[in-house]
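Chain naming follows the written order as A, B, C, D and E, and within any one chain the residues start at number 1.
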Amino acid sequence: MEYFEIFIAGVFINNILLAQFLGNCPFLGTSKKMETAVGMAMAVIFVLVMAGMITWIVDTYLLKALDVEYLRTVSFILVIASLVQFVEMFLKKSIPGLYAGLGIFLPLITTNCAVMGACLLNISNEYSFLGALVSSFSYAVGFGLALILFAGVRERINLARVPKPLQDTSIALVTAGVIALTFMSFKGMV
Amino acid sequence: MIKRSFFTLTKPRLSYDLVEPDPKESEPIPIPSNLTLLLNEPIDNTRQALIKKGDAVEKGEKLRLYNQSTEYTISPVAGTISAIDTYSDDFGSTSTYLVIKSNQGQTTQTNSITYDLKDDIASADEYFRTLPGAPPLKILASDDVKINTIVITCSDMDLLSTTNQYITLKFLDEIKEGAKVLKKITHVPKLCIMVPESLNVQGKFDSIQVFKTSMEYPSNLPAMILKDHLSMILPAGKAPEDMGVSFISAEAVVSLANAYKTKSAGFEKILTVIGKQGTQYRIKATIGTPLRKIFNAFNIHINEQDRIVIGGPMKGFATYTPHHPVQPDMDTVMIQDRDIIPELSDNPCVNCGNCIRICPANVPVNILVRYLEADQYEEAADKYDLESCIECGLCAYTCTARIPLYQYIRLGKHELFKLRALETAND
Amino acid sequence: MTNNKLTVSHAPFWHDGDSLFQMNLNIMIATLPAVIFGIIQFGAPAFGVLALSLSSAMVWELIMNVISKKKISIGDLDSAVIGLIFGMMLPATSPWWLVVTGTFVAVIIGKMIFGGIGANPFNPALVGMAFLMLSWKVFFDFDAAYVNYEFDFTALAPLAALKFQGAYEVAGVFPMSDLIMGKQVGAIGSTFGLGLIIGGIYLILRGYIRWEIPVSFIVGIIVTALAFSMANPDTYAGPVIHLFSGYTLIGAFFLATENSSSPVNRIPMLIYGFSAAVMIILMRNIGAYADGTVLAILLLNVVNPLIDIIRPKALGKGVNNA
Amino acid sequence: MAQSLAKEFTKGLWAEIPPFRLVLGLCPVLAVTKTVENGLGMGIATTFVLVFSNLLVSLLRNVIPSKVRIACYIVIIATFVTIVELVMQAYTYPLFLKLGIFIPLIVVNCIVLGRAEAFASKNSPVMSVADGMGIGIGFTLSLAALGAVREILGAGTITIWGGNSVFDMATSFPGFNPFTFMVEAPGAFVALGLMLAIMNLIGEK
Amino acid sequence: MREMMSMIIVLTVLTAVSGGLLASVKSGTEDRIEQQIFKFQLAPAMNDIFGKVSNDPAKEKFEIEHEGIKYKFFPAKLEDGSKAVAFQTKGKGGYGGDVGLMVGIDLDSDQIVAARVTTHSETPGLGARAKDDPEFVSQFEEKTMDANLALKGQGGSIDAMSGATITSQAVTLAAIQAQDLYKKLKPEILKQIK
């Protein structure tokens, strides 16, 4: 039940994009078309869960054990960057089909606040390993959900007669604002 | 214009008109001094034309522009060619029109040229493509498509039009005769005839399967006939001919029967003319007669901003001139007073969903129209079923935003066709 | 008759005569029972709020038309409907600046910047509402709004009372007949349940709203509220109070049905209406809000493009028996 | 030289001002601009990291092998980010609390890495510092401007430093009711979107 | 191979330098950070709860682990000589997330001395009143460990703040958790205080 709550909270209530403001660049950058949004969502779920686990282990058994928690930022970003590199290489060699789908999104993830942010949040929330795993997954799913919903709305907006100065990023931001507003629906539920 | 009824819980229903039970004879229009014929081939100034202004022509003479031309027309009168010029139709493609000045006085007496006919489809295609009713001989004769079913349509495709129903009531024997001719020259294994269910047809068709079609629009459109009566789903983007089915109008069958009997072509086209008040006239006019002559005969006044619609209210097209000639496939002409012309708009779709509820082909018109407006034709076809549309026009009829949806769709298909042609050319 | 200028337009040459003006006029007619009742119940201030709301919405659209040098589009009455429905959701005591700011947000941010009529991915009136409720929550406290009024019924906003005191305490305080007949405190156009239902049925019969959305919406409210109250009747109220108070009915007939932000296919419409209702009850029972209709419908507006993908296969798609 | 130096500096202030022209680094922009103070704080912290990482990357540009350059940049950036983090914790703790997780997240801010990769790795240290300063100040100004719009509409105040407002609508316009939406999360998106539209409108002319 | 070597060397040197630099900055700021955390996060609440104390709670703080979570306890000697302890719990389900509550409990009478909201992300003017306006949390004062600290709507004894039921609920949850924790850990707390 506790993990279920963590999951629901991570997807809806503390949605990493719409409530915590993490990962906005890929949110705006990959939501113009549904296909890219789905690809990015998948890539983030994949990397974020792995990053969440590895950084938790690094933090608990390395940083905390050695009492060098001030190296967290440095070590986490290195973990994420090398993880992404590694995943990219691995996929390219072993699962080229998946690589073709996710490949272009992987490099974007290194500099995606959502991944780094979720890893840091896991630590500051003092989750257990399982808790960190569930919460990483839920943040990733929440990211994917928000991205896909946004892409659905955006595909329609792209076909509408939006006034020139508002086209593209500007109207996308306003739309994202209203979507963030609607996610306030879930407030207080868990 | 049919108004929305007050209660509109269910989708609106539009019914085909039924011809009066014992229709009176059609009104003949005298042959005018000048007749205009259309040729579906553009003028090419680099080539030596076979015909030119001033040439004399015989009644029934086959006229072609060039030696290699596959398109031809048949002169309905003896006379001289007084003009050959370019004619632009919808979507900007060009063809040619000829004006033939008939030899005054002797027109009616002259007999048509008789042809040296064989009992095969090639021979029929040689002379009879432009018979009244425009039989699809070109397709039937083509080696590329294999037709195994021919459907004779005793009903008109569009609302208000009753030309073919009239012909069915008046010339049933000729239809039977023509069906035999068809069978003889085409050897198709299956011949069907579709008759509106409310039309009181006496007599039996032996060895011909009869479909009774619903009176509800658009059940007479080819895709609907295939679906309802032949259990075939027309794949998106395909024509009935691709599935081995060809449609031929009752009038064309009658013309074929007569043509085979006399070994010469006929030129008398029967039309339903709908006046401004909705009055129906049934007339018989020589192919090539300018519509103006018909209007004059019935005292129909065409004022500025009125509309002349060739074909019915749903699928027809408006012509820009009352000089437009009667053509072999022209079953209906409708004149609309400028006051009842419904206003169209450039509003965007408001997603009211009327089109979705009424579309017989389940096309997501509301989304499709957005892609068409944005000129994304490939996307429109791949994801939003542009090619599934059977062109009934119902969506535009009910559109709350009054978007000319049907026109968007036709244009979209045209553009898509061009795009695809370009792509295959590049490959 | 030679050089006639004929009208050359495209098929079809008939139209059923419907138009945006007709549609919007009918929506306004359908709101009349609830609106007139609201004016009678809450007096001149209610009329003032509605009039200001309707007119300011149209003025905002006009201003935007002029600034962007586009055709004047207020003639289709779309902004009038937005203004009217927006006004119906306000308490009669709303200050003028609240109304005008709200219609600005609704018309300009909710609709015009997306490209005007039909382009809005969210219900504009609800966008306006949500912005206001988030900013000036105090003005939407119906208990405080009507302190100077004398009513012949319990002057407590039913849903707020439910949230604050629990179902056990409010049991019997709000009889169903009172709620339906508008004997409750609430927004100008949202209290008279019967009037809203009559207006809604009128729109359904006239074909201006698709029955699937209100029906599934109401079913969703009843089913979910019932499930909660059966699980714990002391904490969670039954369906009656949920259905006939707050913005539920105006939501079912006038808000969730807004065309451009709702689905058009049958199954999606059913999912849409039902889910919006489930969200509303969740928000009321376990979420942070006393009502929740506004945000719940906006949330479903966001999901709309995704669920509206479910549609019957088009004729001849995916067949290759050629 | 001086001219191009000035150019590198000023381009960040208008022509390439992030996040309006360069739609990057949006997360801190959206998350911390509830007040002018937060915006300024975040901007200054980012500028510090930008300038020093640009400097170091530029100094080491001939030493770093190209294959591991991204890893090296990340180490350099992360080091400066951690320094900022520690210093802020020690000296401006309340501000640090408000900016929260977004201080460590400077490390993944695209602008910082983007500048290291696109500019500092190819230019002299002086130029790189100018570039870092320009972009950093531009970013700070944007954050402060967005913060100002949101704070004045949403809270009716302007807070520059230390949590005390230097301007309060409530005293100047007693009837003023703040439009709280603007300081709420969704307001950030809408405010940035509309400001972007206004920038586009000005840019068009 | 040379390239490989240079890559490894550069990276190692860089990380080593970075680590060293950070270690020195860290040790330079460590004490100050500790002070700041106490000063800004806990001291105001502690002051409000206990008033003047005759010891230094920050210095004497100790940790007890319970069900995997470490709680920090701050012992206090009050003006009147009685001993008390303050600690922080979190209430789930506020409007903007968890709400932190610091509760001071008198070790002799087992009554709540006072409670204050520490961390939250509630709406200013609504939920945030739980922190800014002590009226709501003052309801906890002098409550015993057996008192029902739930909201009245849920059968307890606490009035919710108007317009912020959900925040009120989160705060009461934190208080109930504090009761629980205290009851379970009292022996250990006494042991640590001596």
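General remarks:
Everything that follows uses one rule, which is that a contact is a pair of C-beta atoms (placed from the backbone, for glycine too) under 8 Å apart; a residue touches a chain by one contact, two chains touch by 3 or more.
Given the structure is predicted, the values throughout are model-derived calculations rather than measurements.
Among the remaining chains, those touching subunit B as well as subunit E are A, C. The chains that touch subunit D as well as subunit E are A, C.
For this structure, the chains sharing the highest number of C-beta contacts are B-C. Nearest to the global CA centroid, when each chain is reduced to the mean of its CA atoms, is chain C. With centres computed as the average of Cα coordinates, no chain lies farther from subunit B than E. Spacing of subunit A relative to subunit C, judged by their CA centroids, is 34 angstrom.
Here the spacing of subunit B and subunit D, counted between their Cα centres, is 68 Å. Between subunit A and subunit D, the centres computed from C-alpha atoms are 22 Å apart. For the pair subunit B and subunit C, the distance between mean C-alpha positions equals 48 Å.
Counting partners per residue, subunit C has 109, 113, 115-116, 118-119, 131, 134, 287-288 as the residues that reach two or more other chains.
For subunit D, residues that reach two or more other chains under the stated contact definition are 71, 75, 78-79, 82, 86, 180, 186, 190, 197. Of all residues in subunit E, those touching 2 or more other chains are 15, 18, 22, 25-26, 95, 166, listed in ascending order. Applying the touch definition to all chain combinations yields A-B, A-C, A-D, A-E, B-C, C-D, C-E, D-E. Within the complex, the subunit A residues that touch subunit C are 148-149, 152-153, 155-157, 160-163, 166, 171, 174-175, 178-179, 181-189.
For subunit C in complex with subunit D, the residues that touch the partner chain are 97, 101, 109, 113, 131, 134-136.
Residues 15, 18-19, 22-23, 25-26, 68-69, 92-97, 166 of subunit E are the ones that touch subunit A when the two sit in their complex. Against subunit D, the residues of subunit E that register as touching in their complex are 3, 6-7, 10-11, 14-15, 18, 21-22, 25-26, 29, 32-33, 36-37, 39-41, 123-125. Put simply, subunit C touches subunit B in their complex at residues 1, 4-20, 22-23, 76, 115-119, 204-208, 210-211, 259-262, 264-265, 311-317, 319-322.
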